[in-house]
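Heads up, the next two complexes both have chain A, just with different partners, chain B and then chain C.
Then we have the complex of A and B:
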């Protein structure tokens, strides 16, 4: 009975194709663009991809679970540091060993921090995550024997994939990161569209109600917190490979703030919003560094003010609305996305 | 609340009425575990639930509707039902399967929405349907978890009389399914019609109890507690 009665919701194949168009277009853009531009732009695009993963991971707990973390760079830093230490200090060459180990380490740290941070909610959660972020930062600065302190770890090689006769170049690495980004995108997308993801959104909007229905809301928040930490760790690991250097600043408050800005600018309510935010911020940073390096923080602030004043809900939602207008005709209310 | 003691039997409809501030919602919060009881015990089917969490009570069969709407305003009516139909199944922890692929769950949501005449509106956002429909969706929501005891917090509050009648019908339907109901009301006529037995609370105490018919005949009590004189 269910299947037949649901007919009106199921879309025709043509309509489905139209819905897929933005994805096809985005994928083509991301795959073709690195091939057409010079190497220095390729590295910048790689950075966009890394931060896209980072911002998406934050959006899982912020946009979908309603937990605003001001210490998300802690997990980014741990992913990067563990990978860097395993490769440079312990000489574990193979990416297939060091990669999963650093992801596991991030997950364990997120699991430990989550128990502390999720004892409180709201602004207090923000403050506790800030404190935990500072904790990771100071460990990175003070534990000189392991992390080289404020000098940072240098000489992190590109990942050894164990493929015979394969040598890295900027283009290959760009596609490697893009590949990881696509996997992360699909995994996170599946999570937010699953019963688990719906429950997270329920916890975000109506926590008492979800508890009444019988959801252990704390456990949901905790699992989401760990998953977000793991994906941030993946981003951090890729960032250490990308840069070849890993520094305490990469796990500091400034990094947490930048990724928060990416999510704000891209929009928390759209799944792909953080990717847009990552593109905007990294591109702006790049051009600012070319033309007015000293003015970057000011420019970042201006972008933030503009985003809050004129792009309420983020760029992502406006793009979706524009797209809805294109396919449904101007002024249509069909499928209109609420702010 | 002090010295409150009562029990609900299977298939029974019990109403608690009283003015604002009489402690009706506080009582609900105690029964449902939002507040901790400082003294006394609460039993559900002979199991002591005084110190267990709200979500565990839900798994034991306790469902509750809220006085204020607690729907997800920016989700569609059907999506609003989703967390409720998944909660008692292991699928509530599934992470890598789309929520729209659970046909049996959607069929269940459909049945519940049809009983509330909301299936036609399944693609509307919860914030766009009328207040009465939101109240009905709220009850459908609580029903989805197959409750063995329903706590209804002022289901008639803020509704037009005709919709109050509809809510009354919904409550009668619950009775047919032999789900015991505990009802909290500020609207005595509605509560008296809907319930089998009535408690009147005032300032945290139960001050009067009887069947609705007896209360109707008891002019003194009516005047004292409900501010009604005459028959």
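Then we have the complex of A and C:
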């Protein structure tokens, strides 16, 4: 006997269905909810979707590659600014031109910054991403002729999709962002579950070993860095459309730290975790803005402390355990693997 | 020529403030491996408490002392209550201390409002010195003197005393130091409190030189980070050199290229990290 042959796990159609249930449930929730609530809640849900994309992009380099970035809002900001400038200054109305161009621009900036940031690791990676983020912020403030400085760019229209006779309303835009979120989710999921994605997790856990196995770990990290930047750029672009204005603060340290918080709240080891984090933080911000707007930063700080001291692993992992308990309680599926 | 001398002196005096600020940050990072992002907030707290004491009619020296002691106590509480539980967990330290920065900023905003605050120099230092026909505030010369005294004191403490030897040994081989029976809990708590004290002290003596506002901690922190990256963590002389270099670049940048002054220190940081990530005088970091 030469060893144990590894057979792919065969799942019956019933098990397949159980595995898909959370997705069907989540999708139903996300599609039905915006239809049932008033407009002001719809805009809040749109914001959740935008930040879900942003947080998922950070999780690719943080949770899956082990690189803690304190300047991820730089790419969010580049995506938002490039889109806003193309539309308001150069009058490129069509989304099919301005959208891909801003995504391309974000990718190029991420490629340039990645070369600098990935020269170093650990604490220094954190510091250099913080400084690079700060650099983008200062460019946004100082390059007044292009970015309107600290006034911000105003009057960014909702994307022109080129459909005849189509006019936007809050519900349509909410579904548009949801559609983009679903596409990003699927793309990132495919990346994470590909050989490339597993190599990234190998780099996170055992970089020297991966190097011994012949992987060019630097290249893997670099590509992950660029992909994460691109998805953050998509989120930034959607955010500029959502708000209609884009401001240097949207590319500042505060934005970078809020998205870190979303990921840690949801859980870095769960693929869907950042979405949970985005929901929690956007909801919290909404309620804080109703009852104690001036104390929001303090509440946010308290959430950081609580998340670190008491919520190890994030909410996501508790949800998965709860789900397993529900399923295994019926005795139908054993060892339902977290998705 | 005298204008250049003024700019250089401004840079040196700002560099001395940066030295005191960064020394605390460098000690906690070098010895304990803790990335304490609240350090900028300690600077701010020290400054605002000094401002309050001076405003209430207190002596300037009392103000400086109370500002730095308050910051030291806050640091001690943070270390005992939170950071002690998350040694060696860099991500958690970053998130926790970031959260605390938000809290400090908001408390200061709550108490003092959104305006910048400054104090006057104490009466015994409110003179000006004539340098080539231009006047230079005597207070800044005083800050340079205080910085030099602190440098000698810290250098003596770290390089020449038993406590300093324990601290340096802890940086190089933490487990071995503990194995030799050194009470590392006590040393860690004391070093962290000393670091926060230095942050508060630099803030309190900085109040006559710059405007203090609730939103400053991250900006201040970045200066400390860059000084430590340039000088190398854990080295007293390295921190002094790094602080003077950054103080000078900052002052000259603001004087000659005001439009680009915000970028200069970041560009220095990026160049340093690319070509000499251990810093000019750096001990290697684990």
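Please note the rule applied: the second predicted complex is superposed on the first by the 321 of 339 C-alpha atoms of A that agree within 3 Å, B and C clash if a C-alpha of one lies under 4 Å from a C-alpha of the other, contacts with A are read in each partner's own complex, and residues count from 1 in each chain.
Keep this in mind: a residue touches a chain if its C-beta (ideal position, glycine included) is under 8 Å from a C-beta of that chain, and two chains touch if they have at least 3 such contacts.
Keep in mind it's a predicted model, so treat the numbers as computed, not measured.
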Partner chain(s) touched by A:135 [first = chain B, second = chain C, both, neither]: second
Partner chain(s) touched by A:123 [first = chain B, second = chain C, both, neither]: second
Contacts of A:160 with chain B and chain C, given as first, second, both or neither: neither
First, second, both or neither for A:217, with chain B first and chain C second: first
Contacts of A:208 with chain B and chain C, given as first, second, both or neither: first
Chain B versus chain C as contact partner of A:171, first or second or both or neither: neither
Chain C residues within the chain A interface of the complex: 29, 35, 82, 85-86, 90-92, 94-96, 98-103, 105-107, 109-110, 218, 222, 225-226, 229, 259-260, 262-263, 266, 269-270, 273-274, 277, 285
Touch list for chain B against partner chain A, complex: 32, 34, 53-56, 58-59, 63-64, 66, 70-75, 79, 82-84, 86-88, 91-100, 102-104, 106-107, 110, 119, 122-123, 125, 127, 141-142, 144-145
Of all residues in chain A, those that touch chain C in their complex: 68, 70, 116, 119-120, 122-124, 126-128, 130-132, 134-135, 138, 141-142, 253, 257, 260-261, 264, 294-295, 297-298, 300-305, 307-309
In the complex with chain B, residue positions of chain A that touch it: 1-3, 5-6, 8-9, 187, 190-191, 193-199, 201-202, 205-206, 208-217, 338
